[in-house]
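Before anything else, here is the set of structures, which you'll find just below.
Two complexes follow with subunit A in common, the first pairing it with subunit B and the second with subunit C.
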Partner chain A sequence: MIVAGVDIGSLTVKAVILRDNEVVATSTLITGDDAATAAKTAINEALKSLAERGMSVTLDSLDHIVATGVGRKEVTFAHEEKTDVRCDAVGARHIFPSVRTVVDIGAESCKVIRLSKKGRVEDFTANDKCASGTGMFLDVLAKVIGVGVEKLGELSLKAKKPAKISSMCTVFAESEVISYIHRKVPIENIIAGVHESIANRIFGMMNRVGVEKDIALVGGVARNVGVVKALEAKVGESILVPEGPQLIGALGAALIAAEACGTA
Partner chain B sequence: MAAAIPQIDSVVQKRYMELVANFFKSAFDARNVGKKVVWMAYFLPSELCYTLDAVPFYPEIYGGVCARMGIVLKYIEAAESFGYPRELCSATKSAAGLALSGEAPPPDAVLSTQPVCDGGMKVHEFVAVRYKCPHFFIDMPYSTDARAVEYLKGELEEALKFLAESFGAELSEERLKEVMELSKRAEELHLEVNELRRKKPSPLLSIELFGQYFFPCSFLGGTQAAVDFYAFVAEEARRRLREGDVPEEKYRILWSPLVPQSFLSILQWLELEYKAKIVMEMVGYAPKIEMDAAEPLESLARKTLEARFPSLGNGPGVFNLDRYRKVVKDYDIDAVIYFAHWGCRTICSAVKMVKDMLREEFDIPMLVLDGDIFDPRNNPVEQARARVEEFFEMLE
Partner chain C sequence: MIIHYGYADGSGEYYLIVDTDKCDGCGRCVEVCPNDILELAPDDYGKVVVRVKDEFVNSIGYICPACKRRDERCENVCEHAAISYSW
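The block that comes next holds the complex of A and B.
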């Protein structure tokens, strides 16, 4: 039984292929302006890596496909679609069975999901109307600071005194960062300040739904160790981060697909 | 911007749209037929005007109609251009924008009060200054006890005298009693409609009245039109129940507190596609109010204090929570959708209190939708749909 989950985010599309509940292939691509084509390409990319390992599977021969993410409705070839909340919950719970709070920080969205002891979604909240606290926020600020977004995490760990970023608005925060640069504030302090501002925003959202341990951080921003540390300091708890945190939504979708086939 | 009214095949909705159109037409036509127009703050009793044969005009409610029609932005933007901040409540700004635009029927007098908010109170002062017309402030008590009723009775009496003096009109006790008799009848029929909505499955959809089942008894209170309308709706509801012609119902939803008039597509989608029927709107819920036409001002004070204001935050929060408890039980609610109106401190401040109570006492989930009752710029429809889908997936 081979199934796929595909997560169409605002920046990237992720695909996970499961064979008998084991992850056998994954892929991540830029979404672009055609979500359906991107989803198809992502699944085909993952299937190509399977073929290289001698497993010949085509898109049409997949037993079940579940789409999730902001562009899920565009994926007309999927057998069903599920919301990001459900898929994040299922994916995170699969990796960490004890998890009760899932924080997902993606390119343009952040969500906090509270789960029951049995893993049922009890409550959730999401950012609306504002991209602060998301990957896009980091992207904009990385460009201003002049370092690659993938280097932000490690650099911030060297900070001695994080700068105060008081504005929640990406545009105003950008001008604050620029003024710090002009004042020769060490770059690692500025980055750490940006991470703290993200942690503050996420912590507010976490409190809105109520925090239960264990806590997992998923989504692309979870790869930034500086954000993880800032959030841990704010929450006062250690935070679980899975390998490939950006794939958790797609993994959840694939697990739901497997369940639909009676194999999960 | 295209017209935004989501119309469905409903005799109730058609009749409601006629009622609302005629109500506002009477204000626009008032001068031509020698009648006075009174600009009224949200939920001040229309009976004051009808007693003196004047026509009430509720600018914030008219703003809602403009929002439904997709034309409210020009009034909101007029207010913002004048200096009102973007973050301020869009209902307040639409009232200010209407006054600034000169496109609304000009007031001969203004009645204001402090609930629902001080922004609403100030905008009516602004209207009175702008139009250089007499203005009376009705001081609304913060509770509903006997002392508060007595106090408000005095305030309403003063307001009536003020209007009569301003218009050079004669105040007739007989006419006041007639108006209150009609007001009482409309309240009774409104309660009857609310009772019919309790049925499982409920015979009426919220979208049929754009979430405004309170409209006739609030703004046409004291008229035969309100009485006839509720009688019609009640009869249609009974017919549907009798003939099994009831809209499908998968979930029973309480919508709280106000229904966004610029965002009705979400209601239509919820009720028609998702079969999540809004069986009550918090602002439309009212307890049975003791009204006696022989004691007209006392009855009007009681109605004013008890009917709509508490659901919008006038009075202690505990009182508001008791209403939630009652509605959740009486209407067998599965879930609550709380529309946290951008710019409204009262509504947004109550979110946590209501959500925690629902979870702790009833284990009922509440979805908080952040949005704007009138301003389409603050309502990303796709995001709201995503939140609602996630919420219902959680319920399954």
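The block that comes next holds the complex of A and C.
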């Protein structure tokens, strides 16, 4: 029984292949302008790595494919589409069975999902109107600061006194950051300030749905340790981050696909 | 399940909140909405409930507060108090 979950995000497509409920291959690539092609390429990419290990499977021979993410409706070859909220919940619970609050920070959206003890979605909110509190916010400000977005986390850990970013708007935050650079504020302090700003924004959403322990952070931005630490400080609780946090939505989709085949 | 449709931005918080456990899918709210932003659709667990159409989620703050002065608005016509606002 081989199934696939594919998560078409605004920036990247993620695919997870499950064989008898075991993750056997994953892939991540840039979405581009055609969601359906990107989804197909992502699954094929993952299948290729399977073939290299002597397991030959084609897209057509997959038992079930579930699509999720913003572009899910465009993936016509998928057998089913499920909302990202449901997939995030299923994926996060699979890795951390005790999780009650799932925070997903993606490239262009963020979500906070509260789950019941049994893992049912009880309350959720999402923001994809405004860049603040998303990966794009980090991306824009990393460019202004002049460091790679992947280095932000590590650099921010050296901060002694985070520089306060008061604007929630990305455009205004950018000019605040520029003025800090002019004033020769150490960049690690500026970066830590940027992370705090994201944490504040997410914390506001968490308060809206109500937080229950344990808390998990998923989505690409969860790879930034600075954001994790800033959010932990804000919430006052430790936060669980799975390995490959950007794959959780696709993992959830794959698990739902497996369930549809009656193996879960 | 409680779903917060909307967003928070520099000017405030704009959420239309639906409690899908209370909603019975009668569609009264969909009928009275003057801007046609609501629809009935199955949720993640297959129950048909009211939802905000995707294309309107990010403009709730410009559309919905104007209904404050209307007596016949989604919040009021719902017999189960399944809809509430954050403004």
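Methods note: the second predicted complex is superposed on the first by the 263 of 264 C-alpha atoms of A that agree within 3 Å, B and C clash if a C-alpha of one lies under 4 Å from a C-alpha of the other, contacts with A are read in each partner's own complex, and residues count from 1 in each chain.
Assume contacts are C-beta pairs under 8 Å (C-beta built on N, C-alpha and C of every residue); 3 or more make two chains touch, one makes a residue touch a chain.
Keep in mind that this is a model prediction, so the values were computed, not measured.
Asker: Which chain makes contact with more of the residues of subunit A, subunit B or else subunit C?
Answerer: Touching more residues of subunit A than the other partner does is C.
Asker: Which partner does A:84 reach: the first (subunit B), the second (subunit C), both, or neither?
Answerer: first
Asker: For A:52, select first, second, both or neither according to whether it touches subunit B, subunit C, the two together, or no partner.
Answerer: After superposition on chain A, A:52 lies in contact with neither partner.
Asker: So in the superposed three-chain picture, is A:169 touching just subunit B, just subunit C, both, or none of them (first/second/both/neither)?
Answerer: Touch status of A:169: second partner only.
Asker: What is the contact status of A:243 with respect to subunit B (first) and subunit C (second): first, second, both, or neither?
Answerer: A:243: touches no partner chain.
Asker: In the superposed arrangement, does A:124 touch subunit B (first), subunit C (second), both or neither?
Answerer: So A:124 meets both subunit B and subunit C here.
Asker: Counting only touches as set out at the top, which of subunit B and subunit C does A:205 meet: first, second, both, neither?
Answerer: second
Asker: Is A:60 contacted by the first partner subunit B, the second partner subunit C, both or neither?
Answerer: After superposition on chain A, A:60 lies in contact with neither partner.
Asker: Subunit A residues touched by both subunit B and subunit C?
Answerer: 82-83, 85-86, 120-126, 128-129, 208
Asker: Spell out the residues on subunit C that touch subunit A in their complex, using ranges where they run on.
Answerer: Its residues touching subunit A are 1-4, 6-10, 13, 15, 44-45, 57-58.
Asker: Residues of subunit A touching subunit B in their complex?
Answerer: 70, 82-86, 120-126, 128-129, 208
Asker: List the residues on subunit A that touch subunit C in their complex, please.
Answerer: 82-83, 85-86, 120-130, 167-169, 204-205, 208-209
Asker: What residues of subunit B sit close enough to touch subunit A in their complex?
Answerer: 352, 359, 365, 368, 370, 378, 380, 383-384, 386-387, 389-390, 393-394
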